[in-house]
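Following this line, the structures themselves.
Both of the next two complexes hold subunit A, though its partner changes from subunit B to subunit C.
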Partner chain A sequence: MRLRTTLPLLVLAVAYAVISFFVTNSYYQLMMTLVLVWASFGLAWNLFSGYTGLISFGHAVFFGLGAYFTALGQIYFDFTPWLLIPVAALVGGAAGLLIGALTFRLRSHYFALAMLAYPLAILNVFMWLGYQELTIPMKHKGAVLYMQFTDGRMYTLIAIVMTVAIVILSQAVERSRFGMALIAIKQNEAAAEAAGINTLVWKLRAITLSGAITGAIGAFYVMVLLVVTPESVFGMLVSAQALTVTMFGGVGTVWGPLIGAAILIPTSQILQAKLGAQFPGIEGVIYGLAIIVVILSAPEGIFWRVRDKLRKRSGTTAVAEAVAIDVPTAGDAAPAASVSQSGGQIILSVRNLSKSFGGLKAVQNVSFDVQRGSILGIIGPNGAGKTTLFNLLNGFQHPDAGEVMLDGHSVFGVTPHRLCEAGVGRTFQVMRPFPRLTVAENVVIGAYVRAANDAEAREHAANAIARAGLTNVAHRVASELTTKELRLMELARALAGAPRLLLLDETLAGLGANEAAEVVTVLRALAKQGITIVIIEHTMHTMVRLVDRFVVLDHGAVLVEDTPQAITRDSRVIEAYLGTKWSAHA
Partner chain B sequence: MKLGRRQFLASAGATALTASLSAPAVWAQGAKEVEVGLLVPLSGLYARFGTSCRQGAEMAVDRINKEGGIKSLGGAKMKLVVVDAGDTAEKAKSAAQRMVADYPNMVGVSGAYLSTLTLAASEVTERAKLPMLTLSYSDLITDRGFKYIFQTSATAASQAKQAMPVVLKVAKSAGGDPKTVAIITDNTAASVASVKPMREGLLAEVGLKIVVDETFTPPLADATPLVQKVRAARPDLLFFLPTVISDAKLVLEKMNEFGMGQGRVPTMAFGIAMFEPDMLQTMSPDLLQGMIGSIGSWGGKGHEGIASELKAKYKEPWVDQNVISTYGDFIVMRDALEKSGKADRESLATSLHTLDGGPSKYYPGGVIKFDEKGRRVDAGLAIIQWQSGTPVTIYPDSLAVAKPMWSKK
Partner chain C sequence: MTPILVENFLQSLMAGLLVGAIYGLMCVGLALIFGVMRVINFAQGDFMMLGMYVAYFLFVAFGVQPTFGNIVGPYVAAFLAAPVMFGVGYLAHQFLISRVSGTRTAQLEGEGHYAQLILTLGIALVLQNAGQMIFGSMVVSVRTPLSSSAWIIGPLWGDFVEIFVNKARAIAAVVSLLVIAGLVLLIGSTRLGKALRASADDPTAATYIGVDVNFAHSIAFALGTSITALAGGLLAPNYPFHPFVGLEYVIIMYAGVVLGGLGSIIGAFWGGMTIGIVQQMSALVLPTQLQNSAIFVFFLLIVLLRPQGLFGRVTERT
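The block that comes next holds the complex of A and B.
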């Protein structure tokens, strides 16, 4: 698998080097270098923004710091860029860590806007410091020692080595726990936390690495340009360049920035060269229009568009093969139902739990216990406070009063990923799978919390997939799955972390009767294996066949707690669901 | 016979091909050409200024060729190659690289208007040993030990040093005697950089006392408080450094309203933007009347022919720094080529270094001679003033076309 992507990369790199060797026109040499500079920059941006989904409009800050560091190091200390470029990576990395620590409190577009501010602020700092224009001192002696080649091809060669290194690094990240964590953060940060991923730590690692690479690229860029101004390294257009090449080529893949830079950089250059003098500014118009057209027809970038096309062509047969999905019976999925179901041990204890939002008492004084190995259903009509209660159980919200005890320990104030480590798995009402990853890849994200290394994580994931009955579709990408399969995949992901307690949020919602029955079978098998399940549902229908006990909520309070048989006959429950008129008929 | 569309296109193509093949043969029969370049921003933020440079270059090359080309080269005609430098350092570097790669026979170039662009482009021209003339001000341009760069304007540091004494001289010649100054500046980087040395001694050196010093953040909502402070202090001179035209307009309108406009409080602005024809599209000439500016060069006495040609050919109302400086660059190149009698880069560079062309006709002050750094010897500056809707040169006397207007309180 590793060879499959590394080999074409090396072939491309060698081909690029050979072509550049035969290019004698110094302008085309420069172009070949700049394509790689911006491709590398796009790769570094992609490593952070592409994988985590946190759009950074401010990567110029790392680029510029690397650039200025290298320029000043040469002007004032006469250091060689061969030394300054690696150190510039450290500078960029440190800046990434600092900026991440300051900015990760903000989410989505707030994060993007905050990132925008850093390079603009630093740009003015450098202006104020009097560094409006710096030039790299020209070396007549020891030019090679100072990376000042007369032959432009040398820059291209360095750029090739740099780009290949960054691609290999990106791929290594992509395939490891690191990449999986970032992808999980991208699809749903809350779900990632619930899957045991310490999202803050991984995000910090990503922005530090991305900042370090960007710093080194900025440093190299200065050696190509030989002039540095705040606008040329901290400017809006610099940050935009990283976004443009990546979005154009394809976000979240190493090929995206390469494709984007290889097309866009020469195009803009040729347009300017051919039209700039005759129709000043026309190149900007054509360039802009071209980008708009591509973004409209391939919103995720050229790479994905082409890949989806190719997949569709060969994919029809793959789907046909995998049509027969076996429905696991309780026997199949339960290799050892040895764990005793009874025992009467209480795993989760809820005491006098209350939560208000302003004047609305969403949850009032709720108490109940869950026995180990049992299935508890929490039901109630719309607005009964089910979701709030659920969020209190899994640590996403803090109660105003009362407490939740897991095996006798309070979970109050415990972050979701710690709760996951403690053995609580959960699924989400709104499924957010990563559509381009396979089922196996989606599930492995949940496995890292219990795995020491990647191999162990894959083993846990395979096991979880088997228990959820998805082995037959494990290799399919999530976008091809049915709703039922997606629900089971979410379940498998939670299972991959080997939980003792599973919190399921409307897992049966939106399923047909037959599909729901299949999921029920899977869940019952899990309970037999000793996993305690708490499931929230809006409807009672299928739940009757699933759960051991019901807690019925109404207006935020426990209406009644009893067995399914008792609940279905309880007039208070019927009244809560259907109104007094119906309870009279019952 | 009916001609099909495809056949028609094919035959048209063939005709065009024949025409293009025969063309070089025709040129070869005439005198040989000397390729010279103009590398200026023709797209983006600075396109307006680059376009002025281009007009100057075209007029100069036109004139040189009409006067019989370069006589020491057998009447070789100058051939102008115009290259768009774009609006960023990277674009300028790429453009320069493309220029030296695509035109190996080019012997000299003028460009690239903005210091940043010139710095980046000259890294390329220096390595290609292509002589470059520039009107950019940055001292750094000629502080790098380069051998193929020639700076025709006084450098920024030199202009800063010259400006104050020159302004006082102009004031005195018109009967004024400024002792106190007010400063109104916005807080953009360029403005702050210009004001800093004034506050730190440049004004004190010439005996000027700062009585009002106000910095504002663009855009200005109301200029009244600023202008009121100026009125209360009644300075002899106001330094005004806006970046945004709307801010400039607000302040000037308020000055006018308070009876300090139209030169009643002599006002000096910085930067070429305040003296471009575009200003008249947003402001009435009355508001600009009397405003003084200090600049690297400007059209004036002896440039009447250029001014009328510029008006006729390009519909531009006056000759600004970019037109006249670039015009001068090509005349200097011609003189240097004439002297060397060889059409190659190295000879032109040597010739420029050893040129002694006497008093400068197109740049203010000094002579047509370059020192070892490539700076024009004794390069001066021009003082201009808005008078009846036109910025006219009022200093130096050799270029001045009008007397300075100076309010005597």
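The block that comes next holds the complex of A and C.
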């Protein structure tokens, strides 16, 4: 926990408590509590959907289960809510784990639809069970023991404590490898896997935690209102409200739900109170309009809109914290693991690899060996099967036939994040940087695979940045970088996991001649330090100065494998690239 | 098997077939939108609700009832509501949906689609709650003598089994089938249909061969909205409705469309038909309140076990 963000939070909490102390009207006391309830719900939603980017349209399912659990526990067993609320969190967490395990297999559209269906299905079940309206039995003796206060301000106080706790928890998640893993998933799930992140496990943890918090909030909500109906806790408006306060305030930050709830809840409540009699449903209209306006004008919410504006005004000096670690510079950072290039062992061996998509043979019977510490270039015209080959090498796809041996062990069926742990790093053809994070933060995501704790991860990251020659831009946000710097940053992210073998997918694409030469220098230095590199390109030009050997692919098969000098004179290669007409000139 | 069980079974099957045909029409409207634009429209049920109210008011307040009477009137009202909802859908696309969809977001993976989902969720909330403000939360229905009269098939099985065929439902089912046939012709053999199919296939390529993709999307959205609204109008004589009725139907629609394979129009019809039959048959073993839960569970099972739909093919590539 850092003082810089904790302090304003505590000041806000105390201020809120002081203001609520002077509110005597019970209606406004209730509103002050409800703002915090929905802010907390928004925070819980944000913890899952905001960070992972998987939008949940059905968080009401956790809210409602927590609410009904607490209501029924009191009505039938006379348990105290002080006990029931924490247990409701367990119920919500269990529901989250179950729903996540079932639903994470689905891709975007189907995931959204399935999440929408869960609470609506359960809503009907509670109707059928005869729980159309449950009232919490009033306690005259020992009311405090049953969380029943005559003074509405007590609920506000509890809600303040709860909200602060959730904010601190969210911030802790945000700054740890947990948060980094979720952000990486949001940006690009495949890249996250390749960076050594077990995406399914982290997503399950996120929805479990989020469900648990939501369950507890639902339980508290019942204690505030003392009455519960299926529609008020499982309804579509409930899920929509969590989504709306967060989207409106700002996605992926703890401030978003707080801002969103502080604006939207009083607005809708006051309008509902003033106009609700003539216009029932005005609350829902407000939320609907808020969603529409936000999506069309500021899709990430008010917080980011304002922050981006402020940052633009104050120039680039306001960028986030600099890396406060002493880093060695590019030249002397080399671990003394240099291995002689000739006569080295074979680190990667590919044997008779084949893969088809329907009738298309993307990779056919490909074999080659890569020596430790060497640079192998895989080239070929567009559609030659280069990226498919890479996907087979690092476990994104399974070959139909043949095998891939890493240090003599078959990697068949090994998931990408396990391969990453085993020392295979990878970059992607399409760059997916995390635009609002600094270079240092971007790279640290790749470092967790090797690091025991956050400090060690930052150290690995700083080291990788130095080796990629990016130390002097380490504190800049990724959206300000040039293409070359972004390519190097992706390289640094892969390096942060301390790979023995690096798979680079078109790292030189889109670079000018001078820029490409700089990247080539960095890559050669890495090879000298003992890292084996396999690089894909479709142009041969710069590659000639980089690689030790070439594998030329055409129509999924190896056309020829040889040294750069031999390749440039090979008529088959020229034919594959330029057609038969040109091969005559060679 | 006793005759009474057979009768109940056949009766439910018949009810399922009839309501399934109308669900099929609803699903076709949704599938048209998804098929052409790849947009998931959460507000489809609420557009349908709006269509039901438009039909209702045309019937009781704008002279359809006095002019055409109680028997033909409801169908005339449903068919008049369709062009109104075509206009509503067209405007909704022009001013809202088109800003987060179309060629602009064709390249986007997850996030672009989420913007559409969230936007249509917002539209759904506005329609439901504004509906409550304007129409009130009272349940209304379009009254026609047909909805309480039936043709009787039978007696069969040694004079024991009789099947009642509700006249209003039967007519609605036949009308639904005719409309779907007309739509298939429209898409299969007209110039507009070709433009729609081209836009669905590859929006960028369609632009290059001179198709106005944005216009095609507007038409698809408007047509899909009006078809679903028509289905709503056809349901109105049998199923009383209220401003939040869309929620019940949107899951039915998605269940049908996913079952038929997202994007396939004929598949959506069979999907809707299947849902209708499942819903009515579930009434044999489940209490009424759980009928919709049965559909939700059925829907979740489809999505989890066979997301490409019963009639679809696996097309996903990593």
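Following the convention adopted for this analysis, the second predicted complex is superposed on the first by the 538 of 586 C-alpha atoms of A that agree within 3 Å, B and C clash if a C-alpha of one lies under 4 Å from a C-alpha of the other, contacts with A are read in each partner's own complex, and residues count from 1 in each chain.
Simple rule for what comes next: contacts are C-beta pairs under 8 Å (C-beta built on N, C-alpha and C of every residue); 3 or more make two chains touch, one makes a residue touch a chain.
As the structure is a prediction and not an experimental result, all values here were calculated from the model.
In the superposition on chain A, A:I292 contacts subunit C only, with no contact to subunit B.
When the shared chain is aligned, no partner comes close enough to touch A:P564: not subunit B, not subunit C.
In the superposed model, A:N124 makes contact with both subunit B and subunit C.
Within the superposed three-chain model, A:H109 lies in touch with subunit C and out of touch with subunit B [touch as defined at top]. Contacts of A:P266 after superposition: neither subunit B nor subunit C is touched. Once chain A of one complex is fitted onto chain A of the other, the partner contacts of A:G284 extend to both subunit B and subunit C. For subunit A, the partner with contacts to more residues, out of subunit B and subunit C, is C.
Look at A:F357: by the touch rule set out above, it reaches subunit C but stays clear of subunit B.
Once the two complexes are overlaid on the shared chain, A:L237 sits against subunit B and subunit C alike. Shared interface residues of subunit A, touching subunit B in one complex and subunit C in the other, are 124, 127-128, 237, 280-284.
Within the complex formed with subunit B, the subunit A residues making contact are 25-28, 30-31, 34, 124, 127-128, 130, 132-133, 135, 137-138, 150, 225-229, 231-232, 235, 237, 269, 272-273, 276-277, 280-284.
Residue ranges of subunit C in contact with subunit A, taken from their complex: 40, 42, 96, 99-100, 109-111, 113-115, 117-119, 121-133, 137, 243, 247, 251, 254, 258, 262, 287, 289-290, 292-293, 296-297, 299-300, 303-304, 307, 316-318. Listed in rising order, the residues of subunit A touching subunit C in the complex are 53, 55, 57, 102-103, 105-110, 112-114, 116-118, 120-122, 124-125, 127-128, 190, 236-237, 240, 243, 247, 279-285, 287-292, 295-296, 299, 357, 391, 396-397. Residues of subunit B that touch subunit A in their complex: 42-44, 47, 50-51, 82-84, 86, 88-91, 93-95, 97-98, 100-102, 115-116, 119-120, 123, 126-128, 138, 140, 144-146, 189, 192-193.
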